[in-house]
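Note sheet for the following structure.
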């Protein structure tokens, strides 16, 4: 019984976000994640590795030990440890510590760095905290409601960059750096998204004219996804704000700060 | 009679999207289009052509034969083959196979690649599938309703880039790479759309000041097409959502707070 | 009297856009403006000047003679020629022809090109045509209603680029190409507007960190002008679409296609 | 008493914006701030320092003396000088003059320039003028209402650039300029915000493919903050426009179709 009580208490602290200790744990976890990701990033800088190498390695090991303890505690206090271990955050939690232990045997630091940095995804666990849930819901619902419109938009953009990229390959050719169709399509994506590195750029008048058209089109169509998501977010926000119905005359929607029906004057 | 029944069955599979076999055909076609466009793109990469040339050519030929059969079946099962052959998708379907057969006689690979890649447009045939039609309609209607506003916007942008480009040609001149007015206008388009390759950039203080003004103006006016399309998409989406229909005259949509039909005055 | 009738008829054709001949004149003028601006642009390309110089010059002279005749006719058929000559379009019309005659005496081609290209502004005269007036009004009204919000936004952006530019000058200094504060502010404008030529870029870790912050901030605040203008355009479009009030119960707004009040059911 | 009257009069002129002299003072201050910031910027240009050095220094000293007098007057005419001195604008006002006097003893011009330029923040004092307050309020309220959504968005973008940057470091490595994870993340930020300097760019096919995916994702998600802020600004503007106030309880705003106050139920 005592053991079960401990597990319940741990569960409330580690998985919950409603008690003061649960909130404190979330904030500490948030900091630990940011610090350990920052350390992994700094460790890759030659100058810092040379000067503070052992310190950074030591701190990184300390954080990993902490995260390992946390992972084991999560397994211990869940009622269904296997369900947790298989969940999205369960896998991310495991991947946050595994590369360190693998790194003791394997010697491919860069590849392990990528997995280590995936622990950044744990940040989103914290966003489950109460005050963000409603907001995150609006964003997710808006994106879900827009997914088909955005799908159509992306297919249109993909078709555009493939056709324009192929045309550009035929016009500019290898002597101006457009070595193949995939590379020309890469250039078209750089242009259509307005990133514009300038590592490839058309040099013939015809290629520059086509590029100018592509830019103008891109400039106009970037408004489309914005319009789609704005409309959804706007409607969701407006609905969340309003949406009460009058109990006497059944009319609505009323604003969230309304206490009387705006149609019949009855109390809400 | 039996022949006519076969044609009808083929028509439902090839042109329709409501039956299971019609949907399966659409999905298979979608995959085949993406794969064949991908192959055409890969074929232009020298390294891949050197290593897998015959394989890629063979697969490409196989896809083309498949598309040829599909084209002939479409002609066979349409009631008005000529009408189909002259329609937008009929022409695109033909252009998806013709370059291959022309390529057996002609030797201008790059030009034929451009036509081959146009088969990407066939993707949009798949977007006619049921669940996308409503969404695509909202997008098309919003663009159509905004076409004059976007036209005015594009004429304004065109006037801006022509005037600023000419000014820049007079200020920077050929010694800083602004060799002619069309090229300066090309630079102005690169700047106004925020692509910014950096292949041309002003070097005199006066030119840089003018460029800074152009960027600030562009930064403000990019909001205009977004605003136009957002407003239209938002109104269309909101209208579709409201969507109540009158029980007496069957017309709609009506606002959520409406109690009487706005067309016939009957109670909702 | 006959002379006055001729002037009136000319006035309707040249200044009006409601009669068939008035519309035809507007379309012809639209084409002539685009062609003459195109010619001025092409004339600056060395290769074209070398090959077709006399032809281009001749066509340019022909267009200028046409525009001169048009200007004189506009003066002739206006009831208040002086008012026309002093109006915005009157000045633009004069500037469309004057540089040609000045160019016969003066030899500063590039400066005159700038003035010649200003004739592009005449395009907006055509936008006064009936079907565009309402749309242009919505855009202008939205921009006017947003002018103070956009003013505040631009002052904020200006303050941001001046402070960040000065910081960057102190951090990067002349050895990395940030030669003076104005040039650093120019870099900050290139960055904040996401143009990103790459002719100047921070090279110290501190400078790159500051640049990354500036980009993230810019990425978030670009939404502000868009939001402002979208809200205005959306409201204007929605209002234009709706805005009828019920004559019996005085409630509204009703949709433009409504024939009965949605509150009391009375005819509108 | 006379002294108190003088202080009150000064207070109305210097701190207020409602009287003609108060407005005139604000406009003069606005000009003086812009001019003195412009002078500080010009002073850093070697050519101008060489040609007009003493003039620019003299003017700068004159402005600083003016700002010193203004600061002392503000201290003198406030009823609670200490409260003013500790307020945000009190600190900014002090920092606008201090660097000049420090510069007489210290010799680190660039660092002092940064502080001098902070006086640009004083511009926002002028934005407290009556006609801008309502507009600035809408913008601030919209940003405040959106702060959690924008926070979630920024955390998502941060996670994205850290994971993609680390992947890119593993893929491209030091031989293509991706020297460390922080620098790769810097590249990812440049790409995701569509700035695209081009000082670093992927060169391997795998790296370019990943970059293309990042750009397409960025292109779609830039719509999210725009949508959030647009929805808020739109709702705020629409609410301000609706803006009816209840005659009995004086509260508002009420919708245009409301007939009863939503707070007290009284008829509107």
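Read from first to last, the chains carry the letters A, B, C and D; within each, the first residue is number 1.
Methods note: a residue touches a chain if its C-beta (ideal position, glycine included) is under 8 Å from a C-beta of that chain, and two chains touch if they have at least 3 such contacts.
Just so you know, these numbers come straight off a predicted model, no measurement behind them.
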Legend entry - Contact-richer chain pair (by C-beta pairs counted) among A-C and C-D: C-D
Legend entry - Rigid-body rotation angle, subunit B and subunit A, from Cα fit (steps of 5°): 90
Legend entry - subunit D against subunit B, contact positions shared by both copies (same if over half, else different): same
Legend entry - Reference subunit D; chain at largest CA-centroid distance: B
Inset, instruction - State, to the nearest whole Å, the distance from the C-alpha centre of subunit C to the C-alpha centre of subunit D. - result: 28
Legend entry - Rounded Å distance, subunit A centre to subunit C centre (Cα mean): 39
Legend entry - Numbers and ranges of subunit B residues touching at least 2 other chains: 153, 182, 185, 194-198, 222, 226, 228, 230-232, 234, 257, 259
Legend entry - Partner subunit C, residues of subunit D touching it in the complex: 37, 40-46, 110-111, 113-114, 117-118, 120-121, 123-124, 127, 131-132, 135-136, 138-139, 142-143, 150, 153-154, 157, 182-183, 185-186, 189-190, 192-199, 222, 225-234, 237-238, 241, 256-257, 259
Legend entry - Residues on subunit A engaged by subunit C in the complex (per definition of touch): 194-198, 226, 230
Legend entry - Sites on subunit A touched by subunit B in the complex: 148-149, 151-153, 155, 158-159, 162-163, 166-167, 169-170, 173, 179-182, 185, 191, 194-198, 201, 205, 208-209, 211-212, 215-216, 218-220, 222-224, 226-228, 230-232, 234-235, 251-253
